[in-house]
Amino acid sequence: MARNQKPIRSDIAWSVSDRIEVRGKDLPGEILGTLNLGDVAYLQLTGSMPTPEQSRVFNAIVITLVEHGITPSSLAARLTYAGAPESLQAAVAAGLCGLGTVFVGSMEGASRMIYEALENAGETPDLEAIAESVVTDYRSRGEIIPGIGHPVHKPIDPRTPRLFEIAEENGMYGIHIELMQKIARAAERASGKQLPVNATGAIGAICCEFGFPWKIVRGFGVMARAIGLVGHILEESENPMAVEIWQRVEDEATAHIRPQA
Amino acid sequence: MARNQKPIRSDIAWSVSDRIEVRGKDLPGEILGTLNLGDVAYLQLTGSMPTPEQSRVFNAIVITLVEHGITPSSLAARLTYAGAPESLQAAVAAGLCGLGTVFVGSMEGASRMIYEALENAGETPDLEAIAESVVTDYRSRGEIIPGIGHPVHKPIDPRTPRLFEIAEENGMYGIHIELMQKIARAAERASGKQLPVNATGAIGAICCEFGFPWKIVRGFGVMARAIGLVGHILEESENPMAVEIWQRVEDEATAHIRPQA
Amino acid sequence: MARNQKPIRSDIAWSVSDRIEVRGKDLPGEILGTLNLGDVAYLQLTGSMPTPEQSRVFNAIVITLVEHGITPSSLAARLTYAGAPESLQAAVAAGLCGLGTVFVGSMEGASRMIYEALENAGETPDLEAIAESVVTDYRSRGEIIPGIGHPVHKPIDPRTPRLFEIAEENGMYGIHIELMQKIARAAERASGKQLPVNATGAIGAICCEFGFPWKIVRGFGVMARAIGLVGHILEESENPMAVEIWQRVEDEATAHIRPQA
Amino acid sequence: MARNQKPIRSDIAWSVSDRIEVRGKDLPGEILGTLNLGDVAYLQLTGSMPTPEQSRVFNAIVITLVEHGITPSSLAARLTYAGAPESLQAAVAAGLCGLGTVFVGSMEGASRMIYEALENAGETPDLEAIAESVVTDYRSRGEIIPGIGHPVHKPIDPRTPRLFEIAEENGMYGIHIELMQKIARAAERASGKQLPVNATGAIGAICCEFGFPWKIVRGFGVMARAIGLVGHILEESENPMAVEIWQRVEDEATAHIRPQA
């Protein structure tokens, strides 16, 4: 066929018999015992060591997403573990599969919205006008503005002020967060409802401050939730609920077609 | 039917409109900006805050497992991302699905072996004799002893001495690690080969020092690798290899049955 | 709290000690030994038995999607099996995770496009004009028209004429297929390229003839490919390629950063 | 390094611009419109066309596994779909991940038990004695004999007699099924309980009649359930239960730690 081969290349890590390097650092000598898990995640993703400020902010945004109690995701992991306890990895995988547009997608949506709004905004953008224009655009298309409002955490999502405080304390409260805040206020004016920035909006905006591509922002939720899911599976192994949930649902769901005893 | 319902209960986390608690801690007030990601993983799994010593050792064992370059797992994630870039979570899930008995299973095997060997060993166990007996048992059953030797990292897995050093510096070098070391030496004597403790054996033994149930030990590899996989997917999005791998394999694999051009 | 509970209900199947019903049919008595697998898939999805004509057409569209050789999906399954051979189900799951927008999404895109184009078209729609308008719309938005053209199968995808023939022989060549064909021709006129209906376009159009919701159309590809993937895993267990692929890629990908032997 | 490359080879399928072959058959010309989905699954796995008898028996065993109402697997798929409705493939994948040792593993366990029992049994094996010996072995090891008894379908699993009848009608009731039956009776004698062959035991034994390797037997459950799961996801999209289940479980599970309203 004479297809030209393209090179295959990865810059993340390599190992030989006596050495393992991750992002140019010697794993045993420079990483183990020195860094914390959040810093290694940062190194893995960016290829650079975080500054102390970046470390604090990055750890905070990932940690926010580790655990949120009983969720569809943690239930899927528990139900999967009940059928295949020998494949813990598959139970975590099942739990991750549902981290899509409904629950974590708004995080990447917020990042994308912020990046795109600032794309051609020049050096000294008028954030107020940009926020108004973003809100008008979303409303005219009938689309939900990502990252504002919350069905449970209202009027204020308690994670948001803390995340922004941490960003500020560490010199990372910049134009992207400002724009996210202004978008929320513009949306409140336009709708007459309380729609403050929620945790996914805060994280999406902070990810922009870091300069992370919006396509990878969902990944922070995925890595964080993998940790949370292992906790749920450990609890399920000790104090199970999956079989009980299954049996209750089966009883109720098919009562109308099952012959009665 | 009169089936008795069993209670459904989880002690991990809860949230109401203005408060989110994880393991009894206020997420925004006590966790964000205070803890690092590894400590939160420890808290999530054990329900307790790690001591500074526990924090250092626990972070080290999870970090060891984040990244090991191009692996079947990272390739599965990249190939999945190539087909469904809108579902980053499913690409991570696909990568995790292969963390089974071949690559991370020896970690839990080592933990289980150590726990079971010490089960009825009394207060002052004769570790030397126990190690001999473990090795004899595995060899008589024709089973591979988990956690020793390595196809690439030989004669010594460079992660092992560093992990044991970190354990020692933090007061966590106890009987379980000692037994693991003695098992490796007994296996070397019995086989005449170099079979030092490898990274999965070291981590399995340290997990015993923590008292983690062996059934959850694989989970540390799973949560760690989820972080690593997000890094691979980010690189794949910027500098892809999946399509090239696919086309090369397709060309070669079916050359013997395809009509030649 | 006083949240109102909503009812939980499923109409698909139920079982008691001596009876298992699927879609109102007695599984052992009315289904086993009587129906073929494709018919059962139809029954499971629609709640009705297919007519002989529906059976032939439905079997054909699902069968088309079972197998397409070495694909990113079959490679992901094989690589996963190499790490967790004890979890065959997880290897199939990993292979399915990549059946997203790039490879099977165009099927549901074609269905959706056809349904939406005919939504307000009245009783005797002018298909020619509708096709022109669809093509103009997609081109003005810079979007790819789903279901036409193919990078490999050109000028004609050999599956398409056969699928349409089967539809015609069984009285299922209706307005949706006609519109799909006209869209392809309008796109060819507009672009000056050869863009005949491909297999996913043909299947998408036939799914509209059945009246399947476009949101479930991807599911036919998913169920079909699950069958194909089991075949790949069986071959992998007997004549493996995953470890060889991994080692070749690792060697090449990191040659530029690894110290040379 | 000078690693020797091993060849990469697959015999399943290939395609060029105008032709797609699966297992040596022209897909459009010889398969579409001719075969049913079960026959294609057989072809995909064995490389041979089934005889009419093999077709009937093979379709029956796969169909048996398509659907069993509300199960942990179907719930995991539904909960995943609720979070990521744009990734139907990931919802099916999540549902498959739990098809492990607890629910479908006994199928492969039965096949393996039968094959191993007959391994050195010679040309005219004494099935009665072999069955006694198998039961004695399992009981002495404290292991559960796979494929007999059922928590719900008792005293008799209604699928078993029908499956064996279909096998018999099609000339496939051979020594493996006979042994499975004798094992069940020996287990009943030894335990004093009713332990007839269940559906997974029947299917495991029939898979031995086909000569399928026991390692792939689980795959028939996986491919079948993929079909069933698409049906559950379609119902979930039209008449959802996932969010209601999640909210009920969350309310109940954390009532003991949540502050009361």
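Labels for the chains are A, B, C and D, by order of writing; each one numbers its residues from 1.
Criterion: a contact is a pair of C-beta atoms (placed from the backbone, for glycine too) under 8 Å apart; a residue touches a chain by one contact, two chains touch by 3 or more.
Model, not experiment: these values are computed from the prediction.
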item	value
Starting at chain A, fewest touch steps before arriving at chain D	1
For chain C and chain D, chains touching each	A, B
Counterpart interface for A-D, drawn from B-C, A-B or C-D and sharing over half of its contact pairs	B-C
Farthest chain relative to chain A (centres taken as mean CA coordinates)	D
Centre-of-Cα separation between chain C and chain B, whole angstrom	36
Computed distance of Cα centres, chain B from chain A, in Å	23
Intercentroid distance (Cα basis), chain D paired with chain B, Å	30
Multi-chain contact sites of chain A, meaning residues that touch two or more partners	8-11, 13-14, 16, 19, 69-70, 84-87, 89-90, 93-94, 97-100, 241, 245, 249, 253-254, 261
Chain contact topology (line, ring, star, complete or other)	complete
Chain C to chain D touching residues, read off their complex	1, 3, 5-6, 8-20, 22, 27-29, 31-33, 35-41, 44-45, 55-56, 59-60, 62-64, 66-70, 85, 87-90, 92-94, 96-100, 104, 152-154, 156, 158-159, 161-163, 165-166, 169, 213, 215-216, 218-224, 226-228, 230-235, 237-239, 241, 244-245, 247-248, 251, 261
In the complex, chain B residues that touch chain D	7-11, 13-14, 16, 19, 21, 84, 86-87, 89-90, 93-94, 97, 249, 252-254, 256-259, 261
Residues of chain B defined as touching chain C within the complex	69-73, 75-76, 79-87, 90-91, 93-95, 97-103, 241-243, 245-246, 249-250, 253-254
